[in-house]
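Each in structure tokens, the structures are laid out below.
Heads up, the next two complexes both have subunit A, just with different partners, subunit B and then subunit C.
For the complex of A and B:
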């Protein structure tokens, strides 16, 4: 990792009619960095990436990728980037090798260089022996690694991954991230969008994005620390709704929200919530089960920063 | 640039090779359509079943009625004794026409007065009715002429010898037997090609948009016009093969003569293919799903077919409709097809049609490339 910015985004705006999908977004990504855009569906992550790839023209603001302006030099930009989206957009009616040859050809990789890169991509995606299978017959994880292979045949300096792991099993996701880290070590700048919390943790830096605005930016650890200003407690109680209403009235409680079947409650530091809260809730006819201090997750940070109903990561699919 | 276009072409053919349904669609329906149209699309009125009501029962009335079956145009299917039966026959569309001769028919003729032959026609199919009535007129006219001459001959043979007569001699150029297959088969070549090429191209780009590969391709250094060329050249080749197939099957099977220059026809085919490819492209850029493309394609094809002069003469259309026909590529191609097949005319006659197709192609191409740029956004 060095300090030369590979991607510079400055007050980027994209409007669709009256709707502002991306609102004054600015960030810089260093070469070799893995940078994540984290946010719910429709928050503007994909729109941002699509502008950086030259698939959409910005309404205002500017962005450069490897020093090239994405609006004015879109064609040069494309020579230096790889792009992979959630749909693994390969041709299902071509074989793995035909897909690689096709995309290699479009990127102008030819001759021995193409053969070498294809051999590399086949090995990387674990497709050795299955090169002649139709892509449509491959399983999700294979398809995804093949799509990655197609996207980086031309050794791009920047790789955009737009929800690239959506719908893939956890093991394949892990393998996929190992490949991403390897590329990052080789100096490839990687911009990912995701709504998976575990994936967000893999990133060097994150930008939390909500309704087109960046609400917080930093390393995953720093975001969690700064977002939660107090102690975080997990409270299991019944009834859940009554418990939420009651706990918000309790002394020292800064915020509370429902997480799955329990409540996450932020209490200002220096209090004794483990004893105070059960007593307070009992007085309000709420039966408390388990109550314990937990360390905040990125989702807690996101809820705390936006006040919105989380990313709902696990409810997708 | 050529590398990338070549890459697209190879890919398209690979996909086509794998697509069993597309191969079927390119081969079987065009030939079936050719045969169906060739046999069914006809304006000829032959062996029309008719009902007759002869209330005169004279030699004259029998003579007149027998002339109808004699030509082969009509067949007496029913002999009726009252008009009630006729109503139900025509109502059920069993019979499109009936002839009625009132009592006293022969008597009037013999007195040298005007006698009536009543024709009752099912006018719902106005075209067939018109043609059938035309034949009736001819037959009745001939009968009356012959009858008059016979009587004159009997009464004053000397006078009969000097009565002048005009005889009609028909000389239909290019199609002496007025065989309507000769008219339709070249037209069918045009309409099948139009349908084939427009639907193929309209779906081609929309499908890529739908499955997301368009986006994946557009983030590579390929330029939009390279993509469009790579996408359309294969369809051009396929379309060309299809035209040749349909044309060969049509001409051999239906024995339609080809009197012109093959190269002139080929030039017309190329220009027509280019214009229809661009119509398909335009539809592609206007739709975001295959379903929309289907609806738009249908919306284009139906009027394009009706206004082309395939079946309905353009000169008989209202002026405003005639204006619309000028943007219909099939209109020009049909003139080229019929000109080369039947009339054997060359570029000296057909250049305006060629020019029109070339212009249409250029305008359509400009619009669809501009639309394609926008549609990626």
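For the complex of A and C:
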């Protein structure tokens, strides 16, 4: 990792009619860095990445990728980037090897170099022996790794992954991220969008994005520390709704929200919530089960920063 | 334009056609089905037209006339009825296409005044057949009449020499047998090219949008021009192969002559395909949907090619305003070229007007097609 910015985004704006999808977004990504855009669907992640790939023209602001302006030098930008979109849009009626040959041809990879890269991609995606299967017959994880292979056949300096792991099983996702880290070590700059919290943890740096605005940026650790201003408690109680209403009235409680079947409650530091809260809730006819101090997740950070409950669930896919 | 990228695009497109059952049907079966259907079904000749007769007189003269009908290859006299009502019923029931009524005073008037008439009732539900039946019936009656006239002159002592009616000896060139298949089948090649070209090319861009592969394609360095050329070249090759297939079938199966040059045939076909594929491609870019694109494409290619190209309906028999419109229909130049290549021995030098017109169309359509598509998701 070095300090030369590979991607520079400056006050980027994209409007669709009256709707502002991306609002004054600015960030810089160093070469070899894995940078994540984390936010719910419709928050402007994909629109941002599409502008950086030259698929959409910015309404205002500017962005450069490897020093090339994405609005004016889109065709040159495309020589240096790999792009993988949400649907791993390969040709289902071509075989794995035919897809690789096709994209190799489009990226101008030829001769021995192409053979080598195709062999690498087949090995990387675990498709050895299945090269002649139609892509449509491959499972999600295979398809995804094949799509990654197609996107990086030409050894791009920058890789854009737009929700690239959506709909893939957890094991395949972990394998996929190992490949991403390997490329990052080789100096490839990687910009990913995701709404999976566990994936966001893999990134070197993150930008939390909500309704087209970046609400926080930094390393995952730093974001969690700065977002939660107090101690975080997990409280299991019943009824859950009544518990949430009651706990918000409790002394020292800064915020509270439902996480799964329990509550996450932020209390100001210096209090004794483990003893105070159960008593308070019992007085409000709420039965308390487990209560413990936990370390905040990115989801806690996001909820705390945006006041929304929008992340982390598969239903947002 | 980068040839490697264009070739990669062509290879991919060709592989997709090879794997797609729908495309294969369009490529392999449609041409044969079309040419068979039109070769057999769209005959414009009429033979063995079923005829009912009502001979109210029953004389030697009337029988002679009916024999003339019987002897004609165009008519089959199926039945003689004895009243007018039965004749009308037969036409209503589609038992015959033509009814001939010989009046009770037929021979009397022929003898007295030398003038008489018969009534022919034609089933006009099929206008084309009706016109043919009427024409053939008039010919039969005219032949009979001239025989009667000759007899009459002879009886009254006029010299045979002086009275032999002027005989016109027709000779039709290029389609000596006046067989409609020779007239129809060369034009069928145009119909097949329009149908196949429009159906396949209209899917090219729309399919990428519908299957979600367009986004990935746009993100690569391939240019819009390379996408267009790469996608259409396989269809041009397939079109030329299909045109050859049609020509071989026309000659080998239907016995249509092929007297012109094959160079002219392929040049004309290439120019026509460029126009058709360009139109299909632009429609595909505009609609982004495979179903919509194929329907629009058929509307603007197949319809004018079947109606206004002179393929089946001769242009010089159209009303003047429609005839003027046909000059704008690119297919008329191709159909005209095809007919002349098949039936007369036309080479490229004989087809200069057609080739020039089609080249202009190919250039104009090609120009707009290269500008139709932009690599953007907007």
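Annotations
Everything below uses one rule, namely that the second predicted complex is superposed on the first by the 311 of 317 C-alpha atoms of A that agree within 3 Å, B and C clash if a C-alpha of one lies under 4 Å from a C-alpha of the other, contacts with A are read in each partner's own complex, and residues count from 1 in each chain.
One rule holds in what follows: contacts are C-beta pairs under 8 Å (C-beta built on N, C-alpha and C of every residue); 3 or more make two chains touch, one makes a residue touch a chain.
Just so it is clear, the structure is predicted and the values come from calculations on it, not from any experiment.
Superposition model on subunit A: subunit B and subunit C are shown in a clashing arrangement.
Touch criterion met: A:89 reaches subunit B and subunit C at once. Within the superposed three-chain model, A:56 lies in touch with subunit B and with subunit C [touch as defined at top].
Of the two partner chains, both subunit B and subunit C are touched by A:102. By the touch criterion defined above, A:145 lies against neither subunit B nor subunit C after alignment on the C-alpha atoms of chain A. Contacts of A:81 after superposition: both subunit B and subunit C are touched. When both complexes are aligned on chain A, the segment of subunit C among 5-13, 59-67 or 149-157 whose C-alpha atoms clash with subunit B is 5-13. Shared interface residues of subunit A, touching subunit B in one complex and subunit C in the other, are 53-57, 75, 78-79, 81, 83, 85, 87, 89-94, 98, 102-103, 105-108, 110, 134, 150. The part of subunit B that touches subunit A in the complex is made up of residues 3-4, 6-7, 10-11, 14-15, 18-19, 211-213, 215-223, 376-377. For subunit A in complex with subunit C, the touching residues are 50, 53-57, 74-75, 78-79, 81, 83-85, 87, 89-94, 98, 101-108, 110, 134, 150-151. Every residue of subunit A that touches subunit B in the complex is listed here, in rising order: 53-57, 75, 78-79, 81, 83, 85, 87, 89-94, 98, 102-103, 105-108, 110, 134, 150. Taken together, the subunit C residues at the contact with subunit A in this complex read 2, 4-5, 7-9, 11-12, 15-16, 19-20, 211-223, 375-378.
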